[in-house]
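Please find one structure pasted underneath; my questions will follow.
Letters A, B and C mark the chains in the order given here, with residues in each chain numbered from 1 onward.
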Amino acid sequence: MALRVALRNKSALPGLLSQLSSCSHGRVCASSVFVAQQRSNSTSPKMTVDFDQSTGVAVMRMKSPPVNSLSLDFLTEFCISLEKLEMDKSCRGLIITSTLPKVFSAGLDIMELCGTSPERCGELWKAVQEMWLKLYSSNMVTIAAVNGSSPGGGCLMALSCDYRIMADNPRYTIGLNETSLGIVAAFWFKETMSNTVGHRTTEMALALGLLYNPNEALKTGLVDQIVPEDKLMTTAEQAMAKWLAIPDHARQITKSMMRKQIIDKLTAKREADIQNFVGFITKDSIQKSLRVYLEMLKKRKASKKTAP
Amino acid sequence: MALRVALRNKSALPGLLSQLSSCSHGRVCASSVFVAQQRSNSTSPKMTVDFDQSTGVAVMRMKSPPVNSLSLDFLTEFCISLEKLEMDKSCRGLIITSTLPKVFSAGLDIMELCGTSPERCGELWKAVQEMWLKLYSSNMVTIAAVNGSSPGGGCLMALSCDYRIMADNPRYTIGLNETSLGIVAAFWFKETMSNTVGHRTTEMALALGLLYNPNEALKTGLVDQIVPEDKLMTTAEQAMAKWLAIPDHARQITKSMMRKQIIDKLTAKREADIQNFVGFITKDSIQKSLRVYLEMLKKRKASKKTAP
Amino acid sequence: MALRVALRNKSALPGLLSQLSSCSHGRVCASSVFVAQQRSNSTSPKMTVDFDQSTGVAVMRMKSPPVNSLSLDFLTEFCISLEKLEMDKSCRGLIITSTLPKVFSAGLDIMELCGTSPERCGELWKAVQEMWLKLYSSNMVTIAAVNGSSPGGGCLMALSCDYRIMADNPRYTIGLNETSLGIVAAFWFKETMSNTVGHRTTEMALALGLLYNPNEALKTGLVDQIVPEDKLMTTAEQAMAKWLAIPDHARQITKSMMRKQIIDKLTAKREADIQNFVGFITKDSIQKSLRVYLEMLKKRKASKKTAP
């Protein structure tokens, strides 16, 4: 099994660990490496990975209640799981989905951005970059089986896959809605979306912080297919079979050709992008609007609990 | 009121005036500065600006008969009006429309290009650049309420806004039709259109000088919405309210991210672009085809007047 | 007649001949120049060119059985024919079609890539580059009248024209299906397609090696129009008349503006692109998958012949 093999071979994770475990001053924090590895098995609390040797397809099920927020812990686990699968030559495809009701992933963990030190904000952002870099450039066929709402970073995760299928429930929404929180999608969020739905749709969607229901998402090209929720996983498997019918090397070179430019752009500007994010997110005005947003979420939650 | 404030503070207009009033050899023509300022109040002959403090939205009504041509005078006024609104922090949105029947703006003033000195042609083109640079990068939400035909530079003006609503009258047309006159859309016209409707649609439209009726313009993405003419302004106000619901700073950073690349490109090549335009437009063959075009317009006009 | 004039003036073909006839070490192979010229008249075995002086439109009919494969001989003739028409100022438009039943062009000649020397592979690739460079940048209006299937390089040929009309026969398909053969579309194939149908459609199409039937091709933008097969040529002539209504110089400058960037990119990297192709195609693993593909084609052909 892929995960076991990877765990046995510690040197199999150099890329990720050197990224995620290095402190902001460049020193490696040995303890966090260890913790990260401990956390990264298939029974970790934040996601389950099932790999079927017979098909070569792994299914990653995100299960970090309440909403699969992209916290530093979550992202660390996500990236380690992804890197292990990536290194297992027998794993050719990955389906990503959620075990939580109604939500795929709610995106960036706003709680972790409120009143947090610049260092911690920087680490979180570095982990978001890492998730995108790994997923968008994955050698595996990646399919998002979007079985719930997927705003912000959750939408980015879906957009970074090769193919997106969404459960046809009109209450689910997907989109890069950063501006509605008073924050801004990074340039590589923007270019990932723009590569999917074009420049003008992206311009309007980002400016207005639009969230699309499944029908709208299909029409606009944000997802490739919508199906009844109980057909989601079988549809994902059928789509995967079509993608896997193409020889890996030809598909991988083609994928790299389509995506390399943005990946190289972020790779070249990674530190500046972190500084830019940290400088923005730690501004008083932005911190204030994030707190307002969190208050609103709490009230909404409370009112739901007391509703008859 | 925004305009009054700006008029009181003459130093509020340095950017524009340094652009528009400098002669081709770089000397400032003091008299033209003065004239431009005189002209720039809200009761100027070429446009009216009404600013509603309660909503933060200004409406600019172009009223330069017969067809709101983009003459040097018109463009100077347009840019000064725009710059004043831009500098008024309380003005968050701008709706641009026309008071003339059947026409939004007919685009570049061909008359000003016929038999004109290279210097004058260059000044006109610099003013067109200035209009686009200001409008495409405006910090305000800009909505074009296109209540009439809008060929060439008129289409560019609409494309430079954040949102376009067109009156649903099948006799109105919109498009970059330069080639049908024997001239060529500049690269920044092309990229503005391409950012809106994509590369292929732009390629065909520019090659064939296509003008679209409202239905076609909607289908192709050249406008975002079409409504009966008597609903145009209320629809524009409703759309504006949606755009203004997003925090300004987040929307502005997002807009800049989407548009900065082309703006920087023209800013860097501005003088070369002027030389290129002047060199082209003053060619004997081009001058001849412009005269042919003007003759055709005159005949068409005459035949309408004598029609029963 | 254009062709006769060009044949009389041998110096009229310097660009092409210097490209195609130079050996890999830069020396000119005089004999191949001669052969190429001999072959290049309008009664050549691989294509017929009919030029109508009264309309200014030439029709090139590809007739290289069984499937108009892009062999080195075919491409050499194609480019010489194209260059001659290009140099004849009276020829303003070109319609490209096939005389073979059911096929427009089957694309790259796989036979010429199997067990072939790197030098020969490089020459073939250089000729494919030349075809694309000439066609994509042609000063003429170019219309593909796609009267049969058009995979791989055949699709590229159609995509390089200004306008594509396809015969509405559901058994015909078009697309860049390289990956299904285990090979990869070059970056300029990719960008030509992407400029036509957008980034995301291209990403999926290339990854999956998709072939579209006429209805799908129309919907996705791969072709501009579909018509019954017996209306194909008259429709192409009508479309041509519309394109020719625009003054040549304005159309040509516009076309160059839309396409120059990719053309310059390949021109700058031409040798590296050849080395890249040769290095890839001569790999053992790729050679093996090409042989498997050829075997499959042979079996399919044999089974058709013996079918009742």
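Following the convention adopted for this analysis, a contact is a pair of C-beta atoms (placed from the backbone, for glycine too) under 8 Å apart; a residue touches a chain by one contact, two chains touch by 3 or more.
Being a predicted model, the structure only gives us computed values, none of them experimental.
K.L.:
Copies subunit A and subunit C touch; is their interface built from the same residue numbers (over half shared) or different ones?
P.N.:
Different-residue interface.
K.L.:
Any idea what the CA-fit rotation angle from subunit B to subunit C is, to the nearest 5 degrees?
P.N.:
120
K.L.:
With centres defined as the mean C-alpha position, give me the subunit A-subunit C separation in Å.
P.N.:
For subunit A versus subunit C, the centre distance works out to 41 Å.
K.L.:
Spell out, as numbers or ranges, the residues of subunit C touching 2 or more other chains.
P.N.:
In subunit C, 198 touch at least two other chains.
K.L.:
Taking the touch rule as given, give the residues of subunit A at its contact with subunit C in the complex, in rising order.
P.N.:
Subunit A residues touching subunit C: 162-163, 194-198, 221, 224, 242-243, 246-247, 249-251, 253-255, 257-258.
K.L.:
Please give the residue numbers of subunit A that touch subunit B in the complex, ascending.
P.N.:
Residues in contact with subunit B: 178-185, 187, 190, 198-200, 202-204, 206-209, 285, 289.
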